[in-house]
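Common to both upcoming complexes is chain A, partnered first by chain B, then by chain C.
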Partner chain A sequence: MVATGLLDHPFKEGYAARLGALPGAAHAWIDGLRQTARGILNASGLPGPKNEAWKFTPLGELSKIPFIPAATADDIDVREVPRGVPSIPGAQRVVLVNGVVNTALSDPLDALPGLRIESFKQLLVREPQTLKPFLGGIASSGALPLAALNAAYMADGLVIMTAKNFAGATLHIVSIGAAGAEPLAFHPRNIIALETGARLTVVETHIGLPGQSYLANPVTEISLADNASLRRYVSVAEDADAFHFATTSVALAAHSSFETFHLGLGGAKVRQEVRAALNGAGADCCMNGVYALTAKQHHDLTTVVEHHVPHGTSSQLVKGVVDGQSHGVFQGRIHVARDAQKTDARQLHKALFLSKGPEVDCKPELEIFADDVQCAHGAATGELDREHLFYLMARGLDRDTARALLVAGFLDEAVATISDENVRAVFSDMVNGWLKRRGV
Partner chain B sequence: MALIDIKDLHVSVQGKDILKGISLSIEAGEVHAIMGPNGTGKSTLSNIIAGRDGYDIKSGSVTYDGQDLLAMEPDVRARAGVFLAFQYPVEIPGVSTSAFLKSAINTKRRAEGKPEIDAMEFLKLVKAKNKALGIPDDMIKRPLNVGFSGGEKKRAEVLQMTLLEPRFAVLDETDSGLDIDALKVVSDGVNALRGATRAFLVITHYQRLLNYIVPDHVHVMAGGRIVKSGGKDLAHELEAEGYAKYLAAA
Partner chain C sequence: MAASTQTAAAVREVEAYKYGFVTDIESDRAPKGLSEDIVRFISAKKNEPAWMLEWRLKAYRTWLTLADDEPAWAKLHYPKIDYQESYYYAAPKQKPKLNSLDEVDPQLLETYKKLGIPLQEQQILSGVAVDAVFDSVSVATTYKKKLQEMGVIFCPISEAVQTHPELVQKYLGSVVPVADNFFATLNSAVFTDGSFVYIPKGLRCPMELSTYFRINEKNTGQFERTLIIADEGSYVSYLEGCTAPQRDENQLHAAVVELIALDDAEIKYSTVQNWYPGDKDGKGGIYNFVTKRGACRGKNSKIMWTQVETGSAITWKYPSCILQGDNSVGEFYSVAITNNHQQADTGTKMIHLGKNTRSKIISKGISAGKSSNTYRGLVRIQGKADGARNYTQCDSLLIGHTCGAHTVPYIENRNPTAQTEHEATTSKISEDQLFYCLQRGMNTEEAVSLIVNGFCKEVLQTLPMEFAVEAQKLVAISLEGSVG
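== the complex of A and B ==
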């Protein structure tokens, strides 16, 4: 492993060197993945405003923060799960602190037959061949600068694998970010692989403890075999000074289905990037989300849906409310390859301004090369409808209550699409909690 | 003292004079009806009473229960007992009808210093009212007015009225869109509320409604003015003769 000055870019001097030997370094192909990623980082650095995919969320400022690798911060001791973490009925809980699996705070990891939950670190060392079909193959460092940053430094994370026709379970992954005296960064790598016909629900809560800034840079690679069905519900409410850049790449085989929901409630700068490749015919992908921003928060939801084969369906409904001087970004690319006939792809983004200060950028991109497809996309931004407000007030609701009801209603149209009842209720509570705290 | 007293009200919208000196006084216990051609300012008057903005009130006054109604915010008016059943109720996606109804009822209860309604009591109350108005219980689970048929919207307006028990209610063409049975059911709902402490202003194009909700006074509005007032027989006369002679006068 080489660690020269340039390789440390953009973080604190000696970032890579401080990490020492990363797990799995003894395996040539893993070391190769890391070297390649570092090469890419050295060549292009972190994405700035000239990078088209990142023009609304440039990361130049990161290089000014002297992040240290989380693993080298020895002044952090998280002994309990923060109060803001919801409890998901019937879910098995796995807790990561700064990207590292924390067994003390987690439920036993081997409780269910047909479901394997392992620490990425342990698999890297013990049986890396298990990871080979997935690692770096679904989220490629070449195309994704933050995935490259992750690959260069990945050390732990979660690996979740099911047996064929696994009948279903709910996992709740709680990711806690906590910095000590120095700002820190962590790059967890997660792999979720569902075998043929398997079903699984994964809820992710990303939350932070107040303190120094931290950077969470998780990459999740998801493989869905034929007829597999994954529901993944992610909420991000990081600490006010924290950065969170999450990349998720999903490969869908025939007739598999992927339902995801991304809730963005904060952090200083957050990007949730979700990429789905419909590789097998008849796959279905539903990627919805809500963001609610205030103060100077920046939140970017970027989606890419690639229809490679016929009869795929994809739908996206994203709703945002923005207040203060916040900045919301939605980028959604739908790519329909020439062979992907009979594709049905839909996308709708709506943002609601609660004041004059915020900014919203929306960039839908349709690249359609097949001729027999149904594609629809729409985007709208605006303020609360005065007629709606008047109607509610004419029934006696005071202005604040009426506004809150309307904003909640606006967001609820998206939240209501969550098909898991328990999760829907929890996410709805989180959104309403945000609205209450804001006093919208 | 009249419950509501409108004096020489002049209103314009975007530079166009709509109401050109309306005076109307309604005592508690009375039902008044207004009839008049399209575009004559009936809904404008209703909206002014409810407190919708966007109107230029040039002169005149509206006094409700001794207070300057025009100085009050719409929600304050509603909590004071003013209700408008809209001619065109807006659809509000995402807001469930039942959550809204509950919020509206509790707002009123709080204003009256009463305890909030609990979930069971609320369901029982709404079910009973639904039954009386021929509203399927499922309807209130849907977003407010969204996809409701024309008649369903009107029934939902009356449902809200019966739940909120206003002291002064304006019904702006609540009968249009209602089928014959619904007309009866909705009228029964209104009549059940009639009493010595309440007053109604019923706006309609059809005399038929006034067979069910029998008014104490009928007014003809044309060209932004009340051009004729009379008893309930005036409605029959209008039905037979139309507005031609009043239009000429206006």
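== the complex of A and C ==
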């Protein structure tokens, strides 16, 4: 469908000029990626309400903010990891400030044999051919306006690659957003590539420092070779005035597995778009998530699961609670191609209203071209069931305790799907902390 | 898998379209194309008052501004329509005034007989009043007198414009505004005829009101306009059924139906749509772009849409309810069957505005052959709709591996006390069920027909008796040749 949401956007020539020469520009294919993306961006602008995929999260307001490239802001000095960042037991920590690896705050990058962690910028300059099989091939700029914006200005990020049959490790990536005197934007490009049979757990904490508005626009391209297994747990708690639009595209080869969990706790406007393509038979994809919103927060979780080959399985469970004047959005599309017989795809989204004022929009979508499949989706919105409250109160609990128990239990069903128990505990604490702060 | 092998073989032997015949009647048609003059021509043909012409012209001028807004979001693929290549008016040769059925053109009556609606018999036997629309002009209205005695107005809308202008002016375009969407605006400019129904206060309309639409003239787009008003405390059940002759060129159809239910009133609107779907290679068939919307304007009012969609090459249709009155109820029951190269993008919108409004959506989509079948629906709960409730269930059945079944629901909730639920499943006919039936001596076709009818039962049983029987047969006929 043609993107008709033509809007003026702030990332024009002035922005590009300020940024100067981008890393890897000497290589024609990298420059080509950037030029194509810039062409797409200039032709269609940032998505508006008439762009079907962005109907519930139009970006018109961005055109009013004079973002500068984060790399050109020289008044930012982050010396320590913010206190809100949880500690993940046994995890190796990598810290990015405004999309750039900060070695001072990170653990040594080369600590684990078989696991390569590099800055995207360095690799782009030093050995771009390593990136060629992945870059721009998994997350294409064509239908993804924010990925195009990222491709046009990508300068740094993180590249994570494993050796064959890498036995497993936990990485904790802390991404800090911080603006100085002017609102700024950064477009990190991350690549995670797991070789055959490799296993890896990645925890991402996106957190913001209070101050001017900033826009975090990361794109993560993930490639899973045969039998590889990646667990990725993402939490987003940006600053109240910050924008966060993350695009993740995953390519799954035969019998690989991808487990992801997205926790959305804040930012002025947040969209997490996760797209998985099951390209090899027997691949398994599990995408779960929780969002908890208050004030005027806007959170959009968009998922696209494409079953291209037989015997794929996918499941999704997303739960949300909304308070204040917040706006929760869930869009989930399951596409089953003609050849993807014996697919089993499931999806469930439930949202709970904590007060009068919020809005929840959801659009679960099934697109099925194969007949011998099992596909189902469900979506429900509403407030707490009075009978459940009554049941607990009849057993001696006061109203507030009963309510808190029910809300926590509602969200816990999704959090409990996290298979890494350390991460599960950390995420559970974050959710419960949010509920406590809201007085739920 | 045995079934699908047989399916493939049988797809090639699709039964010729049962209702495929063309009646040769000299017709009085406007020149090809669309312009302000054509709008004036149609209005003049109908002897319309000035306000009606003004209304049409306003719509036409609006339509010109919508040139870039022809809906493209539906999962439908068809060549771009050249609106200047259609005829916008065709009427069967007019006799001055008909006093009885004997005066109706015998050729017309013969046509109805082939369609299975011999007027005289229906008049005497079935108790159904039939307002038959042949191409765009109503030629006979039965039972009118009896209904008239009770205060029911049931007549062609062109007649209502003359006889009840105050009602038409008050309600026409009040549910589907002139500028609502590309196709509705086009209809507003060039609609030729349709039905008008008014049920007075407190009356339970004693019979099912029924209209048969039929597209007959080559290259004629049909633009019906239906307006039904149920005044306080009244009830009416309205049936609409369609068949059309076989032909090669695609025909454009853009109807508008508006329903208005005042306090405590109830409207039940049932459709069986069986227009020419094109041949097995996807050649020909009707393009059906319909805007149907009902307003539950009064307290405790209820509107119920039931549709059985088996025909048309392209179906673009979303019968909707605007639940304005407190405690009002909207229901949508749909069976959509697509076969061969048919494409359907159909569903509903339930807009909850009033308190304690309730809506229920049951949609059953069956796709076979190389067809594409999409459910697209919107449930919107506005901030003031305290205690609103929605339940949606969409099930899709795929027959064969060359078709597609899609579900695109939109759920927008702005009220915490409202509850919405949506469930959708997609599957194929279970081998177990098929085996069970075959084992008991049924052939595959009978078995599939039985299973599919069971799959649709929840919807079919909401149809009035006369239609339920026809619809069940239709389900079987539509799948003939596709399931072996």
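Observations on the structure shown:
As a convention for this text, the second predicted complex is superposed on the first by the 428 of 440 C-alpha atoms of A that agree within 3 Å, B and C clash if a C-alpha of one lies under 4 Å from a C-alpha of the other, contacts with A are read in each partner's own complex, and residues count from 1 in each chain.
Convention: a contact is a pair of C-beta atoms (placed from the backbone, for glycine too) under 8 Å apart; a residue touches a chain by one contact, two chains touch by 3 or more.
Since this is a predicted model, take the numbers as computed values, not measurements.
Per the definitions stated earlier, placing chain B and chain C onto a shared chain A by superposition produces no clash, and the two fit side by side.
Which of chain B and chain C touches more residues of chain A is settled by the count: it is C. Of the two partner chains, chain C is the only one touched by A:382; chain B is not. By the touch criterion defined above, A:408 lies against chain B but remains apart from chain C after alignment on the C-alpha atoms of chain A.
Applying the stated contact rule after C-alpha superposition, one finds that A:52 touches chain C and leaves chain B untouched. Of the two partner chains, neither chain B nor chain C is touched by A:267. After the two structures are overlaid on chain A, the closest C-alpha atoms of chain B and chain C sit 15 Å apart. Overlaid on A, the two complexes show chain B and chain C touching no common residue of chain A.
Residues of chain A that touch chain B in their complex: 385-388, 390-399, 401-402, 405-406, 408-413. Residues 50-53, 73-75, 77-79, 83-84, 86, 89-90, 92-96, 99-100, 103-104, 107-108, 111, 143, 160, 164 of chain B are the ones that touch chain A when the two sit in their complex.
Within the complex formed with chain C, the residues of chain A that make contact are 1-2, 52, 338, 341, 351, 353-383. Within the complex formed with chain A, the residues of chain C that make contact are 4, 72-73, 383, 396, 398-428.
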